[in-house]
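Letters A, B, C, D, E and F mark the chains in the order given here, with residues in each chain numbered from 1 onward.
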Amino acid sequence: MRSFKESNLFQAWLVLLLATAFGAALAGIQTKLGPVIEANKTRETLAKIPALVLGEDPAAALASQKKSLSITLRTIEIERNGVKKFYTVYDAFFEDGTLAGYVAKASGQGYADKIELLLGLDTEGKTITGLFILDQKETPGLGNRIIEKPWRDQFLDQASATRLVVGKGNPGKANEIDAISGATISSRSVTGIVNNTITDIKAQLVIPPKEAAEKPAPPGNETGKIKENT
Amino acid sequence: MRLFKLKGFPGTGNFRHGIHPPDNKALSDESKVEVMETPEAVTLPLLQHLGVPCKQIVKPGQTVRYGEMIGAGEAFVSASLHSPIAGKVKRVNVVTLPNGRHLPAITIHADGDQIPPQKLWDEMRSKDWPRDCISIYDPLTIVKIIHDSGIVGLGGAAFPTHVKVTPNDTRMIDTLMINGCECEPYLTCDYRLMKEAARAIVAGALLTGRAVSAKEIVICVEDNKPDAVKKLTEATEQTVIKIAVLKTKYPQGSEKQLIKSVLGLEIPLGGLPSDVGVAMSNVGTMATVARGVIKETPLTHRVISVSGRGINTPKNIFVPIGISIEAVINFCGGITKNAARIIAGGPMMGFSFSDLSAPVTKGTSGITVLTHDEISDEKETPCIRCGRCVDACPMNLVPTRLALAARYNNPSIASQYHIHACFECGCCSYVCPAKINLVQLIRTGKTLVAAWANR
Amino acid sequence: MADSPTPFERFVQGILPENPVYRQLLGLCPTLAVTNGMKPALTMACSVGFVLLCANIVISLIRNLLKPHLRIVIFTLTIATFVTIADRFLAAYFFQMSKTLGPYIPLIIVNCIIICRCEVCASKQGVVTAASDAIGQALGFGLALSSIAAVREILGTGMLFGIRVLPDAWPDWVIMVLPPGAFITLGLLLGCVNWIGILKARRSAK
Amino acid sequence: MMYLLDILLISLTAALINNFVLYYFVGICPFVGVSRKVEMAFGMGCAVTFVISIAALISWSITTMVLIPGAPVSSFIAGFFLPEQAAAKIDLTVLSYIVYIFAIASSVQFVEMYVRKYFPMLYGSFGVFLPLITTNCAILFACLTIMSHVTGVDNPADAWDLGRAIALAFFGGVGFTIAIVIMSGIREELELADIPEPFQGAAITLIIGGILAIAFMGFTGVDSGIRDALMPPVEKQVSTIISPQADILSNPSTFAALDILSHVRRP
Amino acid sequence: MILVTLFIAAGTMLVMAVILSYILGWANKKFKVEVDSKIESVLEILPGVNCGGCGYLGCSDYAVAIVTDNVPVNKCTVGGEPCAVSVAGIMGVEVGEMIPIRAIVHCGANANDRLQSTPYRGEKRCNAAHLVAGVQGCTFGCLGFGDCVRSCNYDAIHIVAGLAVVDYKHCVGCGACSKVCPRKIISLKGFPEEMIPTVACSNRDKAKDAKAVCTKACVACKACSKISDIFIITDNLSACDYDAYSAQNHEDALKSMEKCPTNCIHFIGKPK
Amino acid sequence: MSDTTKTQEPMTPSGSTDERGAALIHVAPSPHIKDAAAHTQRIMTDVILALLPIIALSIYLFEVYAIKQLSICVVACMGSEFLFVKMRGKSLTLKDCSAVVTGIIIALSLPGSAPWFVGVLASVVAIGIGKIIFGGLGMNIFNPAMVGRAFVMIAFAQLLGAASYENVTGLVDAVSGATPLSALKFNGVSMETAALFWGMTNGSLGETSSAACLLGGLFLVFRKTASWQIPAGILLSVVLIAGITDIAGSHSGLLLVHHLFGGALMFGAFFIATDPVTSPLTPRGKWIFGLGTGFLIMIIRLFSGYPEGVMFAVLMMNAVTPLINRWTNPLPMGEA
């Protein structure tokens, strides 16, 4: 008995007790808060989707009518240069089940760190309907101006068939995105991500209308409901 | 990078870094050595050399002859002291030497028959110094005579000469170098001596060379003293002595730099010239050795130069050791009105002092009196780390770092940057655009490091 | 050792005389990282306060059971638990803020303030003293954080709590919300605090 | 090749571009506290680099083996109680902080005791820093970064493997060492400087840190630059030469020529 | 599922705790290094200013010396008696008698009293000026550039009219000033009383030489030693035998002070 | 530490000062003579002289903008030096002209179009954070002018552009008026070599003309006011790296010429990197410093988001200068 009292484990009984108790407590807290956090994460993305596929004003109008889009989620898997890549794509449907557009979540290297963005495309995947930067750590005052609306709006209505290029000095020219002064790299990164995403997912993006029609309209009408489509 | 080779020697005649201050030797280099009459009194400090003070062996009231030993150098690194005049010993008092040493001194009042100093000087500059009969002197006898004559290095440091020439089994001497560079500005005593008493120097060099059994004897002179070179060349004809003519550059006369210039050798840090097989001595010392060995007269007189624009008539004079500096200055017409600083030695490494009653010692190579125009009086500004001191330091140190370390009481940085290698030549202070007293700070840094090392 | 201070003294000590940031130079990582705005700064201060309080109380309760070689392990375990709770709570109810603060919330675990208070105070004092010490330190930390954040946010963006306070003509000093601005602001403020201290000491000496 | 480039970029980013100390503000306490002497700073840096690598190894293993949903260990045990699909969803990432710090604290303590016993000389020179390392945010930060690259990725292919994790940790430690050694060099220099009294010590250190951070900002984007240089994007840049007017100096519209420049772009 | 998660979480932590605490416990025994806990507790009591007044490199060095070499516990002049008592408590030894140790400047000459001073251009520091001859005639006395002032951490020594003067209200006897003085005229002495007599001169030259450089120099006239035997003349300089001084011979000392022809006997210390 | 804090007012024994007139014998440590030609003020005047061609050319090119910028920066630098030195209670140091030099270099390294407060802030930061906080001239670790410039470059990145953009004549808008380097880097547009060399391009006031910088720089080098090792090292490593890149990318010399003459390289190499205070002491250290600066300049120019890297490279090398000094601590004669 004495030897047990001297043993290392007995000496550390407090640690064992605390560790077990804390572990269990944390897991308990997680079971309570986990779903809330998950919901937060998805809500952040989903809340943006109407504006991205419809444009800001129609989205606002839709919201004022207390209507919403129903959204399904799927993963597009492609292989480029022998590397597998996955894209999360949200398909947005009107209440009547007609397709409103697609939103793809994409990410890539920016100037400072990863840039994560949402890219809205129309039902045929031919025109960009919206761009939103979810996450970035670009230089404040320079690179982080990519989150500003006027700059992002340059992407609107650009055709997805041709690659976009970054230029300087003549806004309005087709396929040209005006670089933010002093932050050419950030501008280029975003444009590059958009280009790559479109190239990658173009083939698999558009759901044939037939299939789309087959898709059962989601039961609830609230935004934020997801159907997992694995 | 060896740009050229010193003719006939392995060195380049040059060393790295160093400076070119205006030498101002023209003030006194044309004035022949004058002889001062025997003064009324001389004051002889018991420590005029590096090492242990000599022991007083006369009592107050005692009468002494010319050349009588009054202080015995009993320790190995010590030198005896001889009376330069005949007279009566007065009380023993204290004296503060220009280098800051505060020590007891014997005062002798002239009394009785004096040997005229002019006779001593004439003897020195006469042409009949032997060159060929050197071999009659036994090396050990030479060493003993050097020891008994109280001969020390007359270049400034006053290191007892017998220590250098005493045979040492572990360190064989290959080369005896006679230093006639006199790189200090203003000073011309060695120059005059080389010009007027070249024969005595050569005789002394041969004697010393024999004492240390040197294979080679070299007299080193800077190339701004062509007359001295000429005289020495004449005097060394048909002897083994070679003459090396070196670039004029300060501090060419420092032993480490001189050995580097002539032989291309570097003395290891903390070492002595004997570590590379060299013995070095000043030209004045050689003349004294010759006098001591051949004429059997001890070191009682020396040539000093009194120069600078603060002196009315700059001169080179032959004076008894122990004469007060005041008397010397008065002999040279006194100081001018705008004199600002009186220096024992040259302006680069000499010590300034104010007490004119201090005596001329064996190590006093000159008195330089500078005026306000000659000294820099500008206020110190911050160090801008321009690195000029680094480019000037003949020891390849970083003086600014050492000085700042001393100023901010940081002995560890000071020793890390080899403060002990500095020999205080003053090049860094001379070139410093911020007018920082680098040498003084380094000097205090050394005491700091010493205190720190034996905490 | 001197007499143990009363809970109230402990409380007051933490705010200014022993301010964790300005006086003890503890917890500098969050001080620099999250002070580019008032909101994240205050959130951070609250989180630290919560963790500090809880950890101090728990450690104070079990202070007599600690073994020397396992002391630090127990401290960190306790702290990490409360930090996780704070982190999850923020993620659940203040999602944007939790995203902004990023890894700096979990880094509270290694915030020296907390370990230091556990070591110095909680493991030696009673619960009440430990708790009031924690609150005092947390207030001091909050004070320091908000002072730095105020300077940085006003100069860097012309705003305070996200509301424009400077005229529009004010050119934003972007550097103030970037890493260099954090270092320089804290350095200068620290210098100012020291300066005031020196002036005070001089006055009292006279 | 791609993998090597990835490792290279992760290392570069961790060591220089997003330096732990100067960009993420982790490890500030030792950066301010232990940067008086170069030797000490270097010792601290080495100790941190050593511990950070060990911690990364442990935390990566635990994360991928136990914590993440579908991790082998946790789903194996859960498999006894739950259907396979549900078992693969057991998510223990909530435990990550407590597990990491537990692992760091004990490994630091272990290393300290070990070194103290068997390498007293080494302990004398850098062992004194070991206890400090527990509260060095850099270590936990590296673990957290690794976790975020293991769990929070959309593409399973992007999840970091052990090599990347160790690269990040090790070079993060190297970056920390670089920063603290530079700082200590500067502070040694400042021993010989006349710094205003209020700024002596931590304040000046922080301000120097600020200037260093400015200097290190010069590296931002070097990683993407190198990636582009080594793996150039498909588009190719074509250079076009424009000569300004010969008598440009005398021409009042000197910069009209430049106006042309802006209209020339890549095809 | 929730239960299972809870169970696995707790289990993971338990397993980890078991493994790690076992290893740590094992390591704690295996790698135990014996450290004398006394050293640490002594170090805790010492003031920690590392002034070196005790003669050791710093507080920790002194702590090691106390514990391992049985060095007297009363050497810390900064902590004084309370510190010594606490340390003695730990060590279980008797405290030696604590006489407060203070610095004494053995020079009493103001700038005006010094003869033969020469203007000095160079670093305005004692250790620099000391190496230049003739800054002042007396080679023993205070240079007055205040190296001691800069070295003092207690603001206890000041230059007054070119002379270093100790402020006994603040002096703790750490000895920093005596270490930096290039002329070694500051010494540390025990103060058995609040005020003690001292000979404020260090000039060891004969009367004539000393008088030539200073009006306040001790001329070794023996006036003091004739009255009071606490003054002893060696090397042309009178010195106070501080150990012999006590309240009993206070009167004699006062008389000596009045008799001194050059006024170089002073009473120093904390005024009552 | 107590050294600086407790220093009392001048503690001189009376008699050591010169109350009794100047023509008095005094004592002082050796050496007793000093080089009258060596003087801090003269070094600074030399730098100002060497800057004259660049100033002249910038005034010629940018007219009133250059004059405005120069006067703002010089006045602000001197003003803040005055203010901060007063705050520290030290004696004034304006006479050494170092503040003027800092002011001119800041002005020349900023684009002329910069608003007034940019120059003022840069100057205040340069003198305050770059210099006085370290204890004043000679104590600073970083080049004050570069600290000031870096501060405003990052603070007002939007106003100034990440590189220095110039907008003097109004003929080009701010965005498109790119410097030769940024034009090359971001748009693949290059300029004619002669224009680059003589300075008929866009950029900060001082960095446009390599010819003027070379002229002034060589003057400094020949006067030995600036060390030759640093510019040599910088130019050597830039030529090497840019040359290799050029050959590898088959730019037929364009890239090399742009990197040599297109940016602030010459200005930086001769006027900024050679700042004696912030560069190493020994010749060997200076070589390392120069080569390192050149290397970093090219790394930043080629790979980072900034088209110009001189400022960052100099700051970084300033930071490692103490370490370089430590490593290149020369062995004294006899120990080598």
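Convention: a contact is a pair of C-beta atoms (placed from the backbone, for glycine too) under 8 Å apart; a residue touches a chain by one contact, two chains touch by 3 or more.
Note that the structure is predicted; figures quoted are calculated from it, not measured.
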item: Shortest path length from chain B to chain C (each step joins two touching chains); value: 2
item: Chain labels contacting chain B and also chain F; value: D, E
item: Most central chain, judged by mean C-alpha position against the global CA mean; value: F
item: Between D-E and A-F, the pair joined by more C-beta contacts; value: D-E
item: Distance from the mean Cα position of chain F to that of chain E, given in whole angstrom; value: 49
item: Cα-centroid distance, chain A relative to chain D, in whole angstrom; value: 26
item: Separation of chain C from chain D, taking each centre as the mean of its C-alpha atoms, in whole Å; value: 24
item: Whole-Å gap between the CA centroids of chain D and chain F; value: 31
item: Set of chain A residues in contact with two or more other chains; value: 11-12, 15, 18-19, 22-23, 26-27, 29-30, 34, 111, 139, 141-142, 168-169, 185
item: Multi-chain contact sites of chain F, meaning residues that touch two or more partners; value: 3, 24-29, 129, 133, 136, 139, 151, 154, 157-158, 175-176, 178, 187, 305, 325
item: For chain E, residues that touch 2 or more chains besides their own; value: 5, 8-9, 11-13, 16-17, 20-21, 24-25, 28, 118, 121-123, 128, 131-134, 155
item: Those chain pairs that satisfy the touch definition; value: A-C, A-D, A-E, A-F, B-D, B-E, B-F, C-D, C-E, C-F, D-E, D-F, E-F
item: Chain D residues within the chain F interface of the complex; value: 38, 181-182, 185-186, 188-190, 192-197, 199-200, 204, 207-208, 210-212, 214-222, 224-226, 229, 237-244, 248-249, 253-256, 258-259, 261-262, 264-266
item: Touch list for chain E against partner chain D, complex; value: 1, 4-5, 7-9, 11-13, 16-17, 20-21, 23-24, 27-28, 30-33
item: Chain C to chain A touching residues, read off their complex; value: 62, 65-67, 70, 73-74, 77-78, 80-81, 84-85, 88-89, 91-93, 95, 99, 156, 172, 174, 177-178
item: Interface residues, chain F side, partner chain A - complex; value: 157-158, 160-163, 165, 173-176, 178, 186-187, 305
item: Interface residues, chain C side, partner chain F - complex; value: 171, 173-176, 178, 180, 184, 191
